[in-house]
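Input: structures, listed below.
Shared between the two complexes below is chain A, which pairs with chain B and chain C, respectively.
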Partner chain A sequence: MGILKKERDFVLPGDKIVESLDYLPGKNCFRDGNSIYSKRVGLVSFKGRVIEVIPLTGMYIPEPGDMIIGEIKDVQFSGWAVDINSPYQAFLPLSGVREFIDPAKMDLSKVYGIGELIYAKVTSVGPSKGVNLSMRDPSARKFKNGRIIKITPVKVPRVIGKKGSMINLIKERTACRIYVGQNGVIWLQGENEPLAAKAIKMIEEMSHIEGLTNYIENLLKNEGKIKGQVMK
Partner chain B sequence: MNIQNQYIRNLITKGDRIRGRALDQYRDIVIEKNPIKNAEGSALVKIGKTEVMVGVKLDIGEPFADTPDEGILIAGAEFSPIASPEFELGPPGENAIELARVVDRGIRESKCIDMKKLCIKKGEKVWMVNIDIQPLSHDGNLIDAAGIAAIVALMNARLPKLEDDKVVYGEKTDTTLPVNDIPIPVTVAKINGKLFVDPDLEEEDSIDARLTITTKSNGNVCALQKGRTGSFSFEEIEEAIKISVRKGKEIREIVKSLKT
Partner chain C sequence: MSNFKRADGRAADELRPVTMKVGVLKKADGSAMVSLGDTVAVAAVYGPRELYPKHLQNNERAILQCNYTMAPFSTKERVRPGPSRRSVEISKVTREALEPALFLEEFPRSTIDVYVVILQANAGTRTAGINAASLALADAGIPMRGLVTAIAAGKIEDTYVLDLTGDEEEITACDLPIAYIPREKKFTLIQMDGDIPPEDVKNIIKLAVKGCETLHEHQRKALLGKWSKEGS
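Let's turn to the complex of A and B:
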């Protein structure tokens, strides 16, 4: 049969993309018999012999190495249960914390209490999606104040941009401190934070259009001028 | 406490809101009437991203013994998981029951339906009005959306055809329900002594207390419901009533402009 879908065709989960052994399934695809099918709602992308589906929407599926923003949900005997805006709950074990803690002598909720936000690294994802976190990364930290906004996790690469171009633009123009979690949770703090939040929401809504960086640059310039708070 | 809740509380204390609204500003209200063909009357109300569908179903039943010449009004709400990941299947929880009761109380106590006119044969047969509330998307302030949807659905309901005292569904007559008032619920939320209307989902998580006030066309208060653990002082309740009379009037104009 050969190739059934073209580049950038819209596919649903279970849609057949090719019926041939010449291609390999990449991200968000799987092989069954001779054919390759899509796992997600999204657009087809051919990368040589590898077929990928770029998802348009969906939950955050944790992968080792991701930096995420999570909320402490429970303090347990040997660690913390963390909500990572995903179908799977994560666990931050005592071994994942920088300081030495003796759970027999110390109150774990003094270190991280329920409701606190942390920027942590996913260290491992087990076969049944048991997620382990670690704070032993140099950039890992706890957030004291500021605010969060949530976006669709699949749009996170657009918010960050090529080599961080988009997020650096927003940081520069609004003088906000911004941390982007791969799980779609974004933490920000600063004077001009409503403008930064607006820009991020706009990126999420218009992620498909071309020249988005220029558009956002104009938005930040114009809105910043009205408020008289352009910062460089 | 979560830093997001703390952030929202600080903003409200300063008189700002997370989506840039004024304290007494509703999100955009969109009302669609009679979207369901099989119901005698229905309405879909959207307040921002909150969506509530209300259907009115009419049936014939026996009246209660203490009111033999009056119709019966029943309101029920069901929170299905389609509206929010926090809603679970199963029997209605306390929030669903509260929602149904607040809507029911607003309509019953405003006496906007002339119950005597719903009597077919005294002591034997009366119309039963079932109001079914189904949130489709939960982004805060379900009570106001459900209350508006319920009254719009009632205003647009038509009695079905009667044949030998049996209801023939699918054939509607031109007779409408005897609705003669438009009660509008307005929920006033409180954070650190500041009062504001129409909390969205994030704001609802951070509020101290809320007070739902249903007002009639003439500005009379006909129902109250207080929620959450915080409290209101006398002055705050007076202020809240003033806000709800004013906002109720604005929403009532939107509802009236629909009626054709």
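Let's turn to the complex of A and C:
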């Protein structure tokens, strides 16, 4: 009876979280009879009367408002098909691009060609998961040069850290430009790309360790030094 | 019943030694290995991912595709690779055993692919396969109503026996594999070959359910094992 799990408790699919009608099932939870159960492997999170499970594994499922990094897969008549590292392909319509384009007069592949990478916003996700993107966002952009690494989408919040603390640390210490997509794709550019990539991979692997920020800080300090000496 | 002894010294209602491991394959989205005595099954889950050919797509839900294979070296007599009457049947019952436990409606138009390979066979391969597949699905982060467990039971002379071996399968009056969702107390698979009176069937199913509950504990431990190493 009552509340069976605490905040941040580990749950498996089918684990009972509360037995009460006072709570509502949120993300990754479902109600059956009087109780709320978890749908996935994850950690319990109480948001007032809503219960959520933060998944520890799984695919990226797009949601409106997410900023993602996608690769142009196809140029169509009225827009672009974009791979967003998810089960669903996204579509970037002409109306989602900042400049005015007349498809009859202009070659769309001059704007975004196949294989190019964009940082875009998910504007809508339809009932059967038709995903629309937009570049009409101040931070949206096209990437040139740099490199891409992929991590498990559920670990993205750890890479970003509280209010961006982790990613800012890496940006500062490696002097790299970094964009993190909610879909687990990360774009880096700068002299220290390999070090930044290594740090991010390490965060993904050790996302559970407490004081991870300090650990990464040390890593960046030490490796950065060695690199500096070699370069001299 | 009193002086009944099994060849391997087990009690009538005892399982063979169980080992379960989650996350054995790196490339798959989810994977697991289950062994019950000499029977070893490995399951890999890919997805949800885009489904081709497109006419198979369902706009309301994902489809589940299961594939059961026996390795050529899994038995004394070489198993001819490729689909057979038997493997097609087992693929189908595996799919039907897992489908009721999944929230397929969350991933319209996509597919979830489950591959089960039997590395070594000594009876009970379909049940071992279902156990492994259910763990692999949880590992892949697919939303589930609960874990699915499966085990076979039978009757030798006057004794109900759990988890038959190959030798026992030859002398049992019936071989009755079941798949069961412990949380919902629902059956997703009941098959039987042999010829026994209805009361016996009831008793055998009762015994198998007890076995499933023990296996469910093993499954929970296996999943906890993967993430307690990684922590929370």
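Definition applied: the second predicted complex is superposed on the first by the 213 of 232 C-alpha atoms of A that agree within 3 Å, B and C clash if a C-alpha of one lies under 4 Å from a C-alpha of the other, contacts with A are read in each partner's own complex, and residues count from 1 in each chain.
In this section, contacts are C-beta pairs under 8 Å (C-beta built on N, C-alpha and C of every residue); 3 or more make two chains touch, one makes a residue touch a chain.
As the structure is a prediction and not an experimental result, all values here were calculated from the model.
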| item | value |
| --- | --- |
| Partner chain in contact with A:41 - chain B first, chain C second, else both or neither | second |
| Chain B versus chain C as contact partner of A:59, first or second or both or neither | second |
| Chain B versus chain C as contact partner of A:8, first or second or both or neither | second |
| Chain A residues touched by each partner, larger count belonging to chain B or chain C | C |
| List of chain C residues in touch with chain A within their complex | 29-30, 47-50, 59-60, 103, 106-110, 138-147, 181-184, 220, 223-224, 227-228, 230-232 |
| Residues on chain A engaged by chain B in the complex (per definition of touch) | 71, 115-117, 143-148, 194 |
| Of all residues in chain A, those that touch chain C in their complex | 8, 10, 12-14, 28, 30, 32, 37, 39-41, 43, 55-59, 61, 87-89, 127-129, 154, 207-209 |
| Contact footprint of chain A on chain B as seen in their complex | 1-4, 6-7, 18, 20 |
